[in-house]
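Letters are used for the chains, namely A, B, C and D, taken in the order the chains are written, and counting of residues starts over at 1 for each.
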Amino acid sequence: MSTFGQYFRVTTYGESHGRSVGCIVDGVPPGLQLTEADVQPQMTRRRPGQSALTTPRDEKDRVAIESGTENGITLGSPIALRVLNEDQRPKDYGGGGKNIDAFPRPSHADWTYLEKYGVKSSSGGGRSSARETIGRVAASAVAEKYLRVAHGVEIVAFTSSVGSEFLFPPTRQYPTAANNPAFLELIDTITRDKVDEFLPVRCPDKAVCKKMEEVIAEYRDKQDSIGGVVTCVIRNCPSGLGEPCFDKLEATLAHAMLSIPATKGFEIGSGFGGCEMPGSVHNDPFVKAPTVTPAEAHGAGASETRASRRPRLTTKTNNSGGIQGGITNGAHIYFNVGFKPPATIGQAQQTTGYDETEGTLEAKGRHDPCVIPRAVPIVEAMAALVVMDALMAQSARQSARSLLPMGEMTIPVGESHSKLMNGSQ
Amino acid sequence: MSTFGQYFRVTTYGESHGRSVGCIVDGVPPGLQLTEADVQPQMTRRRPGQSALTTPRDEKDRVAIESGTENGITLGSPIALRVLNEDQRPKDYGGGGKNIDAFPRPSHADWTYLEKYGVKSSSGGGRSSARETIGRVAASAVAEKYLRVAHGVEIVAFTSSVGSEFLFPPTRQYPTAANNPAFLELIDTITRDKVDEFLPVRCPDKAVCKKMEEVIAEYRDKQDSIGGVVTCVIRNCPSGLGEPCFDKLEATLAHAMLSIPATKGFEIGSGFGGCEMPGSVHNDPFVKAPTVTPAEAHGAGASETRASRRPRLTTKTNNSGGIQGGITNGAHIYFNVGFKPPATIGQAQQTTGYDETEGTLEAKGRHDPCVIPRAVPIVEAMAALVVMDALMAQSARQSARSLLPMGEMTIPVGESHSKLMNGSQ
Amino acid sequence: MSTFGQYFRVTTYGESHGRSVGCIVDGVPPGLQLTEADVQPQMTRRRPGQSALTTPRDEKDRVAIESGTENGITLGSPIALRVLNEDQRPKDYGGGGKNIDAFPRPSHADWTYLEKYGVKSSSGGGRSSARETIGRVAASAVAEKYLRVAHGVEIVAFTSSVGSEFLFPPTRQYPTAANNPAFLELIDTITRDKVDEFLPVRCPDKAVCKKMEEVIAEYRDKQDSIGGVVTCVIRNCPSGLGEPCFDKLEATLAHAMLSIPATKGFEIGSGFGGCEMPGSVHNDPFVKAPTVTPAEAHGAGASETRASRRPRLTTKTNNSGGIQGGITNGAHIYFNVGFKPPATIGQAQQTTGYDETEGTLEAKGRHDPCVIPRAVPIVEAMAALVVMDALMAQSARQSARSLLPMGEMTIPVGESHSKLMNGSQ
Amino acid sequence: MSTFGQYFRVTTYGESHGRSVGCIVDGVPPGLQLTEADVQPQMTRRRPGQSALTTPRDEKDRVAIESGTENGITLGSPIALRVLNEDQRPKDYGGGGKNIDAFPRPSHADWTYLEKYGVKSSSGGGRSSARETIGRVAASAVAEKYLRVAHGVEIVAFTSSVGSEFLFPPTRQYPTAANNPAFLELIDTITRDKVDEFLPVRCPDKAVCKKMEEVIAEYRDKQDSIGGVVTCVIRNCPSGLGEPCFDKLEATLAHAMLSIPATKGFEIGSGFGGCEMPGSVHNDPFVKAPTVTPAEAHGAGASETRASRRPRLTTKTNNSGGIQGGITNGAHIYFNVGFKPPATIGQAQQTTGYDETEGTLEAKGRHDPCVIPRAVPIVEAMAALVVMDALMAQSARQSARSLLPMGEMTIPVGESHSKLMNGSQ
C-alpha cells in the first residue's frame, strides 16, 4: 500500500506521466500555521536540473495545498498536496531508445512490475520512478513544520560517501564514525544551509566534496553511474519515542529509508562498525544532562522549545545513535543510508528481452549518474515522517497517562525521576 | 504497537516475568496441517542454555496452540500460541546485583522505558528482553509451514561474522560477498541442519567457526561481550512480492530485522559494498531462467512446488539480492543483519544513577556474551513473517486480476510474457 | 482518519471551500478498463441542483483521474481522483446570514468541530459538509466497475420512506418488509435506471413517490426539513465475504452507512422488525440453489459472471439479508439506512451563541429540505466499498488456501461440499 | 481480522472447543491500577448459567492477566487476558443430535463458514459462538477502568424490548423514546447495579420485566426463541471524540454493535423514529451548560473527574444522542441494538443438508431462548472499546495541538470559546 504512518498518515499517488503527483496527509495537528511557502523549499531541493551532475529534466514542481487549511492555518482535516507533471515525455523517459520496449532494463523495476501487475506501462516501473518521492517530500514539510515549532527538532542530511570517497573513512583509530570526534562535532552543528553551500554534491567538506564531484563527473562521462551513502542527524528529538517490539524507532527509520528508491542498506549509530566492538567500549555510560537544551544552546527562543523537556540524564558516548531498546533517549539520532549506482546507464548492456532472446540494450535519454545529492532531502523527509508518527503515538500515551493518579512505581509526566527514586527507597 | 503485518498479522505479548509469553496469529490460510510439532523446533533453536556460550537460563519453552486448529488443521481463525514462563527470578534477571535499582544499565532499555512509560518495572525494559522474541518465532512457524508446503520457500540464516572474524571478509577481488562465488554457492545450498552442525556458533565453516568460538569465549571470560553479523537467504520466493513505494520488500525486511533487539544495521544484496560499485558492474543482466525450479533441482516433489511458477527470466549476477524496484524477481533474496555487543556485561561500569549521582554499576547474574548464534532463528522468523505477509498481499491482487478480461497491454496470471510481446508488436 | 478499507483502501480529502475535493484509491486490481466515463455517472447522480427539491448550488463536479491508469487500463498503482470546487462562497454556505459567526447551528457540526479541533473555519464543520462525499462516490466507481466485470455484482438503492410516507409500511401481515412478497420481488429486479425514472424522489412507486414529493415540498415551503430511509440491495455478491468477529459484513456495512452525514440508523435483512419474531419463523431454511445464477437469469453474459460460482444451497426465506454469522451466503444482501431531517433550516431557531448568550439564529442561503434522494448514490457507493474490501480479503484467503493439499475435513476451492460429505461418512 | 481499534487495539482469539479464549490489549496507558478483580465482574455478568432462562452451560470463566502488569500496575505493554475452556463437549454443542453433521443449521453460521474457509469444524461456525465475546468483555474491562478513573465515564446497558414487549413503546406523543421524559430520566441515572436487580431479564421496570420473563419462558417451553433490543447510555463522555468522515463516533459504534453475534440493527439517539420528524423539532438547540459535571452531581469525587472539562454549552433536547457531525458534544450518548431470535432452536426444522437433499433437523442440547439479558454486558463492552479508542485518537491530537502558539482563529486546549469570540470581533 502507498501509506506511511499510523497517526500521521501519508498516502502518496502518481506516476511520472499522469496529470499530477502528490499526497494526502491525515492526522495533522490543527492550528498549525502552514502555507505553500513552508512546503516549497524542500520540493525545490529535491528537484532535478540543479546542476550538470543531475538529470536535466526541467520541472517547476510547484506544490499546491488543495485542502485542510484556511487562512494559512491547518484545520485538522486531511491536507492534499499536488504537483503537476509538466514535462511528460513517456517514450523518452528512463532510457528510451528503440529497444526499451523489447528489454527490461537490468536492475530496474521494469521486469518485476510486469511480474507483479501483469500490465506493461510506457514507463516500465511507473511508481519506481524518483518522481514518486515528490509526495513524500511534500508531506514531510508539514511534519517538519510541526516538529520545529513544537519541539525545536532539526533534521539535516548530507552526502558522506560517493563511490569509495568517504567523508569519514574508517581508520584504525576510528573504525566507525561514531567514535570520531570530527564526525560528532559535525552532526552537532551542521545545517541545511551549510550543506547547500556544497552544491551540487552536498558533502560538507570542501576537499572531499571536490573529489566526489570528480568521481561523479568521471562516471557521467563514461555513461556509467556510481552509488554512495547519505548520513542524517536528528537533533532535539524528544525522549520516549519508538514503540517496543516491532516498531522500534530504528526499525521504522530503516523501513522508511529502505523504501526510498535505490537504497541498499541502513545503519543506526555505530552501525556495522559497532558490531565489531566489545560491549565494554560500545556501551554508552550515563552522565548528568546539561540544563540548557541543544536548541537553546543554538539560540532558539523559549517559545519554540517549551515542549522540549529534556531528560535529566544523557549518555557520555553515543554509539546508540540516540536510541536504546528501540526508544529515543534525547541524544542525537544519526544513521547512514546506502544508495546503489543508478540502474539506468547510457552504456550498451548485454541482456535478455521479454521474448527471452539475448541482445543489447542501449538506453538513450536523460539520467542521473549519481542519486546521492538529490537523495539528501528525501532522507530528511522520511526521517521527519518517522519522528512525527512516533511523536504522536507517544503523545497519545503521555496524554492518557497524565490523567491517572500516581502510584509508588510511577512518575508524573514531565517530572524528574528522583521522585521515583525516593519513593522506592 | 505490538503487531506485525497487514494480511498475516502477528500480535505478541509478554514480559520475562509474567505468566506467559506468546502471540495471536491472524490471517492464517485455512486447511493447513499444523500441530505443536511444527512450531517447537524453531522455539528450541532459539532457546537459551544450549551451550556454555549462551545464557544458562534453563527454560523448556514448550509451545501450546490455544486456538485456531481442530484435528491438526487450521480453521482460518486466529491461532493463539503460548509459552509459560517457568523460570521467573525478577531481581536476578538482566544483571541484578544490589545496585540494579539505582542505575539504569548503559545501552540497555531501562532508562528509555522509564522515559517512555513512567513506570519502573522489576526487569527494567520489560519488553526489550530477548524473551519477547518467543512470540515472533512461534508465529513464524505457522508462516514457514505454509510457505514451504505451498511454495517450497526455504529460509536459512547463519552467523557470518563475530567481532572482526568474518566468514567472507571483504577482499580486493570481492569487496562484497555478493560477488564472491563461494558465498553464492553457499547460499544456494545451505540448510538449517547444516548450520546446526556448527553449534554453538552456527557459522557453516569449520575453521572460521572455531575462531569465532574462541572470540566469544575470550569476551565471556573478560565478563565482556561482542557483536557480529547474521546472513540470511530466502530461496524459491515467488516473484512479484513487495509493494512499490513505502512497503518495498527490502523496506519491510529492514523493518523486521531492525525490530529484533540489539540490531544495528541491515544490508540487502550487495549492501553498502555495492554502493561503491559502478552501475555497469552492479547491474544484473537478465538471462533465460532454467526450466526446473531450484526446489525441484534439490529434489522437492511436485506437490510441494506446484504454486511456484518461476519467471521466464532470471538474472546473471544477483547484486540486487532478489529484489528490484522493491519487488521480488524470483532469485535468491539475501541480506545481512548486524547485532551490537550485548549491553549487559559483568564488568564494573562507571555511569550515573537515576538520582543523577555518579557511581559504579556491577551487574551480576546470567547474561550472553554474544547474541549472534541465538539470533539465527529469530532472523529466519522475521524473514518468514515478511514474506508471508507480502505473499498474501500479492495473492489478493493476482486473484482479483485473474477475473478480468485480458487486454492488449495485460498478460494473464501465470502465463508467459511472450504473449504480451506478440500482442504489442 | 479519513481512510476506509484495508485491502481496497480509500482516503478522501477536501472541504467545500478549498481548491478541490477528491480521494486516493489504493489496492485497485491491475488490468481493469477504467476512464472518467466510468466514474462520472454516479458523480452526476449525487450532484446537487437536479430539481427544485434539492439545493440549487450549481456545480459541474467533473472528475479527473490524476494517476494510476494508462491507456484506459489500471496499473495497480494508486488512483487519485479529483473534482474542482468551482462554486466557493464561504460566507454564504450552510446558512450564512449575519449571525452565523455568533451561533453554532443546532444539530450541525459547528460546535463539535470547534470542541474537537479548536479552530474556527469559515464553513463551520468543514468536513461534515455533504461535499465531502464526492471522494467516496468517485472511489466507489472503481470498486463498482471491478465488481460488475469480475462478479456481476449489482448494487441498487432507492428511497423507501420520507417522513411518515413508507414504500412498504409495516402491516400486521408483514411487520417487516423482509416478509413482504412485493418487497422481495422489487429487490430482485430493481435497477438504477428504474429508480431514476422516479426523480427527483427516487422512490420506485408512482403513487408513493408523488406523496413523498408533496411531503418534501411542504417542508421546503415551511423552511423546515424532513428525514427518511434509503433501502439498498446488493445482488450476485459472492458467498464467503465478511470476517468473523469484529468485521462481520453487516458490521462493516453499518460502519460505512453510519459514516454518511445525517444518518441515524441501520438495519440488515429483517432488521428491528425481525427482533420481534420467533426463531421458528425467522430462521431461513436451506433449499437447493437454482443452477443458473441470478445474473444469468437476468441476461448477463458468461464473460461477466465466470467468477460467480454460486453456492449449492440457498435459503428459502431471506430474513438474514444474505448474511449469516457475519458472512455472505450468496443471497441478496439488503438493508435500510435512516437519515435525519437536515439540520440547516430557514426557520428562526432559539439557541445559544459561542459567547454563551441566548439568541435567535436565522440561517439564510441554500439548503436541502430532504437529503434522501441525493443519499441514494452515496449509499450505493459505500456499499460498493464494503463489498470490494471484503472480496479482496476473501480472495487473498481463497487464493492462499487453493495451494494447500486437501485433507479429510477440507473442501477444494470452488468445488461442491458433497465431496466433504462423502469423506466424513 | 480479529482486531478492533487503532489506538487501543484489541485482538481476540478462541473457539468454544480449544484450550482457551482470550485477547491481547495493546495501547493501554501505563500506570493504571489493574488486577483480575477489575476484569472479572463483567466476565461474570456475561456468563451463561445465571438463571433458568439462559443456557445451563456451567463455566467458571475465571480470567487471568498473562502480561502487561506488575504489582497491579499497567506497564504500557500489551495485556494478554485468558480464560480456560473448561467445559468442552463438541458433539453436544450448539444443537448436537445425530444429524448435526448432515445439516447446516438454518440462520446459523455453519454454512457460511464452510463457504468461507472450506474446513468443517466440529462446532460449525467456530468463531460465531457467543463464547467468542469473552475476549471482548475482558478487554473492555481495561478500557472501562481507565475511562472511569480518568474521565468518570459511565456505561450502562439494559433490556428495552423482548419480542413485542417494550420498555418504552412508541406512542403518538412520543414516537421515539428520545422525546420521552421517562426515558431521558432513566438514562440519566440508571446504574449496572440497578439493572442487575432485574435479573434475569435486566429490564429496569418491574412490570415490564415480568412480562418479558413470561415471553421468554413461553418461547423456551415451545423450544423456540425470541429476539429483542438492548439500549445503552454512555455518560460523561468527553466532547470532541469521533473522527469526521469515515470514523464518526456513531459509525464506529454501529460497527462495534453489529459485530456482536445475532445483531440486526443499530440506532443512535432518536434513531429511525427521528427520521420521521421535521428538522424544526428534531434539532437540538444549544443552552448554557451547568457548571457541575453530571459525575459531580451524582457524587463522584474530584479525583475521578479532573479530566472531564465539560463544554460551556450543551443541548436542550438530545435527539442527536450526544453526537453531532460524528463528534461527541458531551451530552449523554445513547443507542439501541437489535438482536434476532437465536437460530438454534429445539423444534424440528425442515431444511436441506450438505448433500443437497431435504430433511429434518432436530437440534438437541443446550441453547438460549433469548440472548438479550446476556447481551447487556457485551453491548457495554463494545461501547467501552469504541470510546476508549476515540479518546486516545483525540488525546493525541489535543496533546499535539497544545504545543502550538495560538492564533486568531484558534482556541487554547481546555479553555473557553469566549476567547475566540473576543478575538474575532
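Note that in this section a contact is a pair of C-beta atoms (placed from the backbone, for glycine too) under 8 Å apart; a residue touches a chain by one contact, two chains touch by 3 or more.
Since the model is a prediction, treat every value here as computed from it, not as a measurement.
By residue number, more than half of the contact pairs of B-C reappear in one of the listed pairs A-B, B-D or A-D, namely A-D.
Of all the chains, the one whose CA centre sits at the greatest distance from that of subunit D is A.
Separating the CA-averaged centres of subunit A and subunit C is a span of 40 Å. Chain geometry summary: the mean Cα position of subunit A and that of subunit D are 43 Å apart. Subunit C and subunit D have CA centres that are 24 Å apart. Across the assembly, subunit D contributes residues 1-3, 6, 12, 27, 30-31, 70, 73, 76-77, 116-119, 121, 127, 244, 397, 401, 409-410 that each touch 2 or more other chains.
Interface residues of subunit C facing subunit B in the complex, by the touch rule stated above, are 6-7, 27, 29-33, 70-71, 73, 76-77, 146, 149-151, 244, 303, 306-307, 391-393, 395-401, 403-407, 409-410. Here subunit C touches subunit A in the complex through residues 1-3, 9, 11-15, 17-22, 24, 26-27, 30-31, 64-70, 73-80, 82, 116-119, 121-122, 126-127, going by the rule given at the top.
Of all residues in subunit C, only 1-4, 6, 12, 101-104, 106-109, 111-121, 125, 127-128, 132, 161, 163-164, 219, 222, 224-229, 239-248, 250-259, 261, 263-272, 274-280, 282-288, 311-313, 315, 319-320, 323-330, 336, 338-343, 345, 347, 349-356, 358, 394, 397, 401, 409-413, 417-418, 420-421, 424 touch subunit D in the complex they form.
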